[in-house]
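Listed after this line are the structures, all set down as structure tokens.
One chain, subunit A, appears in both complexes that follow, with subunit B as partner in the first and subunit C in the second.
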Partner chain A sequence: MSHLKSREAILFGAILCLLFVVAARFPAFVAPGNLVAVFTDTSPLMILAMGQMAVILTRCIDLSVAANLALTGMVCAMINVAAPDLPVVVILAVSLALGAMLGAINGILVWKLSIPPIVVTLGTMTIFRGIIFLLTDGKWINAHEMSPHFTGFPRSDIFGVPVLGWIAVLVSVVMLVLMARTTLGRSIYAVGGNPHAAIYTGIDVGKTQFAAFVISGMLAGLTGYLWVARYSVAYVDIAGGFELDVVAACVIGGVSIAGGAGTVVGTLLGALFLGVVKNALPVVDISPFWQLAISGAAIIIAVAFNAQSGRSKGRVILKSAEHAQ
Partner chain B sequence: MSLTENAPRHVPDRLRSPLQDKLVSWESLLLAVAIAIFIVNSLASPYFLNAWNLSDATFNFTEKAMIAFAMALLIISGEIDLSVAAIIALASTAMGVAMEMGAGTPVLVLVGLTTGLLCGAFNGALVTKLGLPSIVVTIGTMSLFRGISYIVLGDGAFRGYPSSFSWFGQGYVFWVISVEFVIFALLAVIFGVVLHKTNFGRMVYATGNNATGALFSGVRVDRVKMALFLLTGLMSGLAAICLTSRLGSTRPSIASGMELEVVTMVVLGGVNILGGSGSIPGVVIAAFVMGLVTFGLGLLNVPGIVLSIFIGLLLIGVIALPRLWAMWRKKAG
Partner chain C sequence: MKFTKLMTSVAVAAGLFAGPAAADDMRIALVVKALGIGFFEAAAEGAEEAAKEIGGVEIIYTGPTDTTAEGQIEVINSLIAQKVDAIAVSANDTDALVPTLKKAMQRGITVVSWDSGVAEDGRQAHLNPSSNALIGNMIIKLAADHLPDGGEVAVLSATTTSTNQNIWIEEMTKVMGNYGGIDVVSTVYGDDLADKSYREATGLMQSHPELDAIIAPTSVGIVAAAQAVADAGKIGQVNVTGLGLPSEMAGAIESGASKSFAIWNPIDLGYSATMLAHQLATEAATAAPGAEISIGRMGTITLDETNAAAMADPFVYDSSNIDDFKEIF
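Right, the complex of A and B next:
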């Protein structure tokens, strides 16, 4: 446990260092207003990372989150175009339901047919994106076609922080309680920690993985509406490749890809770390083209770091060739 | 696993199976599908049965198949490399840089292959030396390699490769037989022999079936895996040469999403995604199936992104259907 605690402390320290370095040259970067902007900008990543964390904890991976986001976002935008007066609450409900349904498709395939999650979600990733194209014929839905309350919702201010930021806070709190205080949350850890032991304690491994996929899908759907509304545009390729950032946030946050280890706070810090890097790059005058390589390097360093800290101490008596899979 | 009760010694990759086994094997099933697609395509479009059109169709799969052969071995050994398309981007960018500095075709080829090999070595070192899971490592290197391409190129592109360089992607050896197709055919034979007829091939299967068991039987598991990562990198470098030569330009978004198609090809070819079994003939037929489908739908003016739905469905369906079938049979019997 002390491992995980120190892990979060290190990450928190790294984020502070980063802020100090940038602030030394550009003090405006750490002005409260800008920090709120950075937080809000990172909110979609944080929400998605919460769902991805649950999935990775059960020894699965969900590469379809960005495609799910794009599909649900597009459907929300189309509903808005068709019925401009529909209240935001309905749109939110639709996004959660549709996202959960897409997540359930992944979950069913993993649970009932035991297809490896990476194959399932690689497949559904392209299928979801393809469906957007079928729905729209490749056309964009632009800002002027959306109604003001639809696009205004995530941007409206409460106590100086946009609703989008508050939703990220709300999702984090819910996940914190879910992971630590509910049967489902503890099952998720148990399934990832030792699936065989989990079965003998009466936990249905497949069902728990299914639940994790539904959570991930639901949050991806929610982010889909928020994303489309925030940027006021919906097209086939929105959030393309974003699934990698989401996985990166989890891995940097200390979620073990072998399942069973990782915390909500760590994952949030992982997402914030990426968010600060992304927002700091243009400020310190580094081309945004660096971002992809930096995320990649961060994933590799983080996963190497995870493996190092997870290595059991003591003498190896019987060498094993299997990696933590 | 009640199905295994009647077959206590299950050998998944037997080399000489009886004719009866061959008739109901995955490969023959796939071959039947390929022939069916061929016939349907010939009926659906009058332009399909034309030597030059069919020759063009082979470009849909030759580059992917080059990587798929190495990927098949890697997946059989229990690992995976999702960074192959990013390696293509980086190798192509490296060739572009070399070209800008005035390198001729032989140097460009060398640069492409070396970059691929180095990327493979990087993946392999992270997986075998640090013991990291290959899925995450290669998701990371996928962003890293392509990220480096973006850093070098930004939103620009390299153009103006020497005309002799276009031989690889645009040249023909004889009539409609393209250079790429010849490379594909040669590699199919080489990989088939390596996997099915050599000690190394047996080690690959052993590693994938039970890595610890293989280690105690004297297989240097890490070395086998390292070799396979190097091979996958090298093949990605080769594919980069062919693709760059065919397109005549390099953009950082080159070959994006190709890793998915390569993995689909391998899985469609009957390679177990969890490792341990699979064959090269299966991958060869899968390459033809995917190429013919892509080409046939293309002739019918189906847009590329719809093809990708089809590929996604294929990837899931290929694994799901046999399992559904087994479940159904279990329920019925």
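Right, the complex of A and C next:
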């Protein structure tokens, strides 16, 4: 536990260093108002990373989160167009329910048919995007078609922070409690850490993986509404490729891709690290041709750091064989 | 009204069965990528306008139900069987339609492409909605028109490798000398992703506090930039302009984040394609490099060495006309 804590401390230090470097080139970046903006901008990534973390911990992966987000977001937008006066609470409920349902489809396929999760979610990723196309014929839903309270909800201000940011905080707290203090949370760690041992302790591995997919889907659905409302536009390709950012956030945050290891705080820091990089690159005046390479390098460096600190040293049992090589 | 319509359709049907001998009217077929798309419905409206202006021309507006080359080939084959006088097509595939269109030309049918072209062998002339030079000039003009005293503008493009956007920005740079006092302070890339474009636009406003306009020659970027300007509370201070679709930009025009933007006008495009097809079919003009062909109210076009021509400047949309077009495309 103490070494996990230190890993998070390193990441936190890295974020501070990054902020310091950016501030040296562009001081306004660290103004409180801008930091809130960066946090808000990173919120969708944080929410999605929370769900993805649960899935990766059970030795699975969910590549369909961005497609789930796009489909749920589109459905929310269509509902808003059809019934402009529907309160936001209903939209939120719909987004959570639909997202959870789409996640459950992934979960069922992994649980009952034992298909590898990467294959399942690669498939559903394409299917979800395809469904949006079927629903809309590729048409966009635009700002002027959405009602003001629908698009206004995530940006309305509470104590100087937009609702979008507060939702990320709320989701994080819920996940913190869920992972640390509930049977489900502990089974998720157990299933990923050692599936065989988990079975002997009476944990249903498939069912736990199913639950993780439902959590991931539910959060993706929630983000779907928030995303569409924030950018005031819904079309087939929104958040295209975003699933990779989400996985990257988890990995940077110290979630082991082999399952079983990783924390909520680490994942949050991983998402924040990516968020700071993404928001800083446009203002530090670096050639756009370098930007992709830089964000890629940042990911690899962070992960290499994690891998180093997390690696348990192997024991050499055949000295002579090692020398022979 | 209904009765005359019925009579015309009866006449058309009779014409179809009786063959060309009974048809006095010149019949021009407007083949679109797919039926039911607002943009092409508007183009058909323009074609009807041209037909009325010329007189004695009947427009057959047709196309497949989905945007496939196979569907268009079927439609064109049936038009050949109906012995129409001209086909004006917006192609789903540059090469796939060529054999069918060649067959049409062998039977004496005039073939032109418009909007989305077919390869040179498959048509006599091609009508582009605009040209790279005209677009490049238009995007900077849109920003400059609202900055009589000059100012700082920035470009928000798609990806660093997007061919169209790069050519347009290059053409824009060539004519910068004509717009004194306008400074392009930065070019950034939103990768045609809403979230990245939004961040880049926000970054532009931060690193250039005096910024007066953002030019986004991409439909995803312009919408995201308008949203970023609105969220930053800089409406009236930073004008977002560039190329976008009226349906997508209606909200930004309404909020004032964008004063104006441009894109081709589908009505003008349908009108001009019909005029061009008519000119070639009546042999009032011949399709040859350098030929100048009059296309009615849209003026004159000049064919280049590939027999392609540009119709006009992109059409400017602002608060005065956005409501008429936002339902169309």
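Note that the second predicted complex is superposed on the first by the 290 of 325 C-alpha atoms of A that agree within 3 Å, B and C clash if a C-alpha of one lies under 4 Å from a C-alpha of the other, contacts with A are read in each partner's own complex, and residues count from 1 in each chain.
We take it that contacts are C-beta pairs under 8 Å (C-beta built on N, C-alpha and C of every residue); 3 or more make two chains touch, one makes a residue touch a chain.
Not measured: the values here are computed from a predicted model.
Peer 1: Examine A:Val119 and indicate which partner it touches, taking first as subunit B and second as subunit C; both and neither are also allowed.
Peer 2: A:Val119 sits against subunit B, while subunit C stays out of touch.
Peer 1: Using the superposition on chain A described above, determine whether A:Phe289 touches subunit B (first), subunit C (second), both, or neither.
Peer 2: Once the two structures are laid over each other on A, A:Phe289 reaches both partners.
Peer 1: Touch test for A:Thr136: subunit B only (first), subunit C only (second), both, or neither?
Peer 2: neither
Peer 1: Does subunit B (first) or subunit C (second) touch A:Asn279, or do both, or does neither?
Peer 2: second
Peer 1: Which partner, subunit B or subunit C, touches the larger number of subunit A residues?
Peer 2: B
Peer 1: Share the list of subunit A residues that count as touching for subunit B in one structure and for subunit C in the other.
Peer 2: 289
Peer 1: Any idea which subunit B residues touch subunit A in the complex?
Peer 2: Residue positions touching the partner: 80, 126-127, 130-133, 135-137, 139-148, 150-151, 154-155, 207, 211-212, 214-215, 221-222, 252, 257, 260, 263, 267, 273-274, 303, 305-306, 308-309, 311-313, 315-316, 319-320, 323-324, 327.
Peer 1: For subunit A, which residues are in contact with subunit B within the complex?
Peer 2: On the subunit A side, the touching residues are 61, 109, 113-116, 118-120, 122-127, 129-131, 133-134, 138, 236, 244, 247-248, 251, 257-258, 287, 289-300, 303-304, 307, 319-325.
Peer 1: List the residues on subunit C that touch subunit A in their complex, please.
Peer 2: Result: residues 160, 186-189, 193-196, 198-200, 202-204, 206-207, 223-224, 227, 231, 247-252, 254-255, 326 of subunit C touch subunit A.
Peer 1: Spell out the residues on subunit A that touch subunit C in their complex, using ranges where they run on.
Peer 2: Result: residues 26, 28-29, 34, 37, 41, 44, 140, 142-145, 155, 227, 231-233, 238-242, 278-279, 281-283, 285, 288-289 of subunit A touch subunit C.
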